[in-house]
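Here it is, the structure in full.
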Amino acid sequence: MQLKNDFNTVRKRSMHICAPLKTEDYVVQPVVDVSPPKWHLGHTTWFFETFLLKPHFPGYKEFDPNYNFVFNSYYETVGARVIRTDRGNLSRPAVEDVMRYREHVDKAMLSFLDTPLSDELRTLVVLGLNHEEQHQELLYTDIKYILGHNPLMPAYADTAVDTYQTPASDEPFVQMEAGLYDIGYKGDGFCFDNELGRHTVYLQQYSIATQLVTNAEYLEFMEAGGYTDFRHWHAEGWDWVKTNEVRAPLYWHHVDGQWQQYTWQGLQPVNGNDPVCHISYYEATAFASWKGLRLPTEFEWEAASAQFSWGQRWEWTESAYLPYPGFVKAPGAIGEYNGKFMVSQMVLRGSSEVTPPNHSRATYRNFFHPGLRWQFTGIRLAK
Amino acid sequence: MQLKNDFNTVRKRSMHICAPLKTEDYVVQPVVDVSPPKWHLGHTTWFFETFLLKPHFPGYKEFDPNYNFVFNSYYETVGARVIRTDRGNLSRPAVEDVMRYREHVDKAMLSFLDTPLSDELRTLVVLGLNHEEQHQELLYTDIKYILGHNPLMPAYADTAVDTYQTPASDEPFVQMEAGLYDIGYKGDGFCFDNELGRHTVYLQQYSIATQLVTNAEYLEFMEAGGYTDFRHWHAEGWDWVKTNEVRAPLYWHHVDGQWQQYTWQGLQPVNGNDPVCHISYYEATAFASWKGLRLPTEFEWEAASAQFSWGQRWEWTESAYLPYPGFVKAPGAIGEYNGKFMVSQMVLRGSSEVTPPNHSRATYRNFFHPGLRWQFTGIRLAK
Amino acid sequence: MQLKNDFNTVRKRSMHICAPLKTEDYVVQPVVDVSPPKWHLGHTTWFFETFLLKPHFPGYKEFDPNYNFVFNSYYETVGARVIRTDRGNLSRPAVEDVMRYREHVDKAMLSFLDTPLSDELRTLVVLGLNHEEQHQELLYTDIKYILGHNPLMPAYADTAVDTYQTPASDEPFVQMEAGLYDIGYKGDGFCFDNELGRHTVYLQQYSIATQLVTNAEYLEFMEAGGYTDFRHWHAEGWDWVKTNEVRAPLYWHHVDGQWQQYTWQGLQPVNGNDPVCHISYYEATAFASWKGLRLPTEFEWEAASAQFSWGQRWEWTESAYLPYPGFVKAPGAIGEYNGKFMVSQMVLRGSSEVTPPNHSRATYRNFFHPGLRWQFTGIRLAK
Amino acid sequence: MQLKNDFNTVRKRSMHICAPLKTEDYVVQPVVDVSPPKWHLGHTTWFFETFLLKPHFPGYKEFDPNYNFVFNSYYETVGARVIRTDRGNLSRPAVEDVMRYREHVDKAMLSFLDTPLSDELRTLVVLGLNHEEQHQELLYTDIKYILGHNPLMPAYADTAVDTYQTPASDEPFVQMEAGLYDIGYKGDGFCFDNELGRHTVYLQQYSIATQLVTNAEYLEFMEAGGYTDFRHWHAEGWDWVKTNEVRAPLYWHHVDGQWQQYTWQGLQPVNGNDPVCHISYYEATAFASWKGLRLPTEFEWEAASAQFSWGQRWEWTESAYLPYPGFVKAPGAIGEYNGKFMVSQMVLRGSSEVTPPNHSRATYRNFFHPGLRWQFTGIRLAK
């Protein structure tokens, strides 16, 4: 019963996120990292059809056999698929077809959830819902990119979504003692395989900031020539700056002598008190270097996470995305979920303004290539 | 009065071509050469607004100043514009916005056409209509590409558009005598600047085919190993074959041991009697070489054009696209129309199944890079 | 006897051209269009070994079977080969090995030339010598590129090679009457297949310059903003200017407020009286457009070639490289010589300061892609 | 005195490594990761000239001011430089010029070492020697690539360099207890900044192999379809396999039904008892996954390094290259040495057959991108 409720809640929320869009907004893919919203809506549906309904619900009638080719993301186990760069080249299935696909699968899933399910299958349903919640975060991220890179810079919504009350705090840094800490998920709820297994690490004494770096602080870095002084940058970060002619966070525009940023309400003056957003790992580490500080490791972050407020920005850490001791891939297609990405990416901790409710926890590990910044990323410093 | 009628006829025809599309089909750009249908609809409208209404119709109110950036194609004179590869990344203006743009401009143009106009302005209106007719041809071409490269291969229309009656002919070749021939447009009607000035050429004796090469003949070439024998190909054509792994005309698919082709009605068996279509210059010359023949020059084609039936396929010639003696660019933006493309392209003569009525004439010069084949191109042989 | 003399003369001249080089200069390939000098020396030798000695000289012992892979340029008929971009990655065969290869083949060829040879084989030897002379021109061209793009800009020779006496002339233009002219090679000597067959063309009345455009005239174009005004450029020429940030001819450097150019003697001030050199087709046509003139066609050039002095620069024409009427490829590997390049290239006429003596004639057709300028190219105007 | 001896020993060893080369072998750069041997010889010399002689040896006369541009590797502090991909395009300075440069700098350095030097300068000299030793390893690595990718596959030396005696060992795995271990360099000798500061880590119980994986074991993986089963690979590793069509370690060739590998003596049959070499991180982890095991972390490796024999192969670890706690960049150009590469690379531990004597220690951290395999890399398993 709870599972049916959760299913309905999550599935409706995806539709709610897309409600302000025009049909055309569902279709485009301005860069390879962004997927068209209709693709997210189809792919999350395909997950339930492919891993639950087709193998486990006798009598289920597949909506359209061609959809496996269109909506498979990266599961080699499940066969051929549209190459990633082609997602924005597909006008069909049309948005209305994808909506009918969702209705078809939702109806079947609700019947399926009325049947007695093994623990293993219930776990798979929960994984499917968490998977859809991850894509909800991506939906927001990709929608912002699609609208924010359109020359007309249309608003997504009229009312503010991203205004913050920076929490008051007496102390800018919390000091943590050297010693042994336990890392990784513990409990009975859902977590991803990359949060297991729980293990002990030894940390040296360190301090971690209670606040995120603000736009005002970041502007100081910019005005001090941060983007033109190679000494603060990794070698490949410096190449990235020069190749892409980067001189400000993503979505910032210098208009009539003033820094503005594209927001859900369109172009707005940059608010100095807001935490800086949409910066790459390269920028985060360059800023930290300029400050004479550093980023925390993901272990330092997790060990101290009860000592500060988080949840506004995905926070870059100085840890590469690698398996925990004892990490084991699940067999079959589900085993392709996390493990195969454990190289050349950096870990982000926390969650962001667009993370679904109840989808964040202190042990959650997000990960991206160091040059990506269309996520709602930010900076917390350590020393 | 005639001009108003022509204006209405042409403008409505663009809408008619797009009528079978879904909103999503208006948006995508699967390869750089293809433009989204809504871009064609906006760009042809922008032409009238930019070159007629804004400079010459006092009191005209521009629909949206941002549209100049979105709908300028390549006119450097008229300012910055969306880079070509980004046309398919734009979800806005939405299709309904583009339709309102068309209505706004159409209404103003009809008022404008009621005022007394100089000959020069009337000529510019006619140019705008011919420009839109060129884009109507591109609309068909691009729509076929968009639908034909979708993994679902949806049909554009239920009824056949491209069935042919190959005209009966007693003689496969017409012989033309050596001598002087006049080339280029002559008359009072509309023509493009690249068809001027009319001039004399000397042609050696030659023969030219009365029929286009058929699918059946082209299949013989394929089955004889035409795509694997470098001897028939230009060096860059051979690279093109290998790089793109070409082994059949565009839209051909080998399904269950049979050659099928994507048509307006979806996937259909290849009809051996139809003239072969969607082939590159490289393929046309390789086929001719395999036959021990050659393509005609554009001058040979024009001089003999009264001797055979044409109009089904754009026909590749062995002539590069270069200015006629005495060619002069028009001043201003209109001067960017043809002259600046006169390098690295080959001339096509005739017209095709998707050419607007009254838009074809024997002196018309179309031109494309030798590797392109999304046009309705075909082969006529000479010797 | 004459053929043996010619053979010795040509083969020695290749060695003479390379005499000023250091071993290292024989090895590198700074851009794909340039081949390492040792490759030219090996490839021209391979031609004689492959097309004459191995098939036609009984008892000939191949120098090293691996060399076919290394020194085949583009003859698909003769098998696999080092890809062009890898030529500069090969340290072996060493220069001394290539010299021994030349000696081995030269010795065999001289014995072979002492035997009675059919006319066909004699013709093939002459083709081999003309082929080597073409590569001698490329040797100069490539050596200049290798040394001129080295940051140390070393001189090739101490004494001047490229000083000119611009011929005095009363009239800047020669006028040619409209009428029929014969084009193509006529005579008993050697010519390439692309100069055949001789045929009649009709030319309109035209005028052609008696002088090449000088550095001083070209500087006027530069100072008038020629490289920043899109109106003078082909669309793809304008892209070429912007992509490559071109603002002067190749080898020109703005040093301490003065234009200098890399010459055989190292960096030297630009001499205003010299004909401009190392410019692309795009630059040549942009200059002509700025002057309100045009380039001649290759037919206009050939018909008037007795009326002016030529031989300092390869001169761009407004003609694309296409087959003459009646052009026939030779069978076998030799047939790959010219015909397969007859697309997407422009014709140059005349010859240059580095053309071997006796290797130039009024009917000679050279050809390059419009963006290349490492050849000794120049501009002659027409109207 | 010891420092002078060390200086002489190290500098002579670079020359000794290059002794078997032909002049041409010093010049080429077949892929961007490989540098021409003459560049290594010049760059290591430039280090002494730039960081010691020019700033600290009054009266030193710079050999050639242009050499800074040619031989600077990546030090932004020291100014503009030849872009990396151009190193193989430079025929000058010639090899003999580089040799004269070495003699010039060696002579000056020996005089300089006779003067009283501060501890800081002595440390800088030692860094320069360790820097040259790193390049000696690269010299071997790059020479093997240059010769091994030449179609003639010439031998580097007649006598065997890389025959191994796999040490006998009773137990395939050593078990290590969970607990605290100290990591990082401790002592008075030389170490790189990335080995500091020494710090405590907590390790779970683990086992580590006493032997490296052999060619015979790796062949089993290949024959079991290891290169065609995506399940063993990281997503980007799988892309790497497909894009590069990888199906064996670098330098392996399947000849006449047998696996051979390019060695210092030319092509030789693969010896099953030798440790596998020249494999990427992707291949190392795929092999481990196929075995149901994993790679050790760099901390596990260092903590257990006294328990097994090492020194034949650089061994991939499962650790990304990141700063140790308390890592501090040195000020100035020397600070660009290691820190700026601490992103997107994996750590290798141990040393290889081409590591200079006395240049290896258990705390040494090498690092490469996961797809590179021209180093002498190998696999040690853990569980």
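Chains: A, B, C and D, in written order; residue numbering restarts at 1 for each.
The rule is short, and it goes like this: a contact is a pair of C-beta atoms (placed from the backbone, for glycine too) under 8 Å apart; a residue touches a chain by one contact, two chains touch by 3 or more.
Chain identities (UniProt): A, B, C, D = Ergothioneine biosynthesis protein EgtB.
All values derive from a computational prediction rather than experimental measurement.
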Relative to subunit D, which chain's C-alpha centre is the most remote?
B
Distance between chain centroids, defined by C-alpha means - subunit C, subunit D (Å)
45
Could you give the separation in Å between the centres of subunit B and subunit D, each centre being the mean of its C-alpha atoms?
57
When the C-alpha atoms of subunit A and subunit D are each averaged to a single point, how far apart are the two points in Å?
36
In subunit B, what residues contact two or more other chains?
none
Which word fits the touch map of the chains here: line, ring, star, complete or other?
ring
Within the complex, subunit B is touched by subunit A residues 22-30, 66, 69-70, 82, 86, 88-95, 146-147, 149-152, 154
For subunit A, which residues count as touching subunit D in their complex?
74, 76-77, 180, 199-202, 204, 206, 230-231, 233-238, 281-282, 285, 294, 318-320, 322-323, 325-326, 335, 340-344, 346, 370
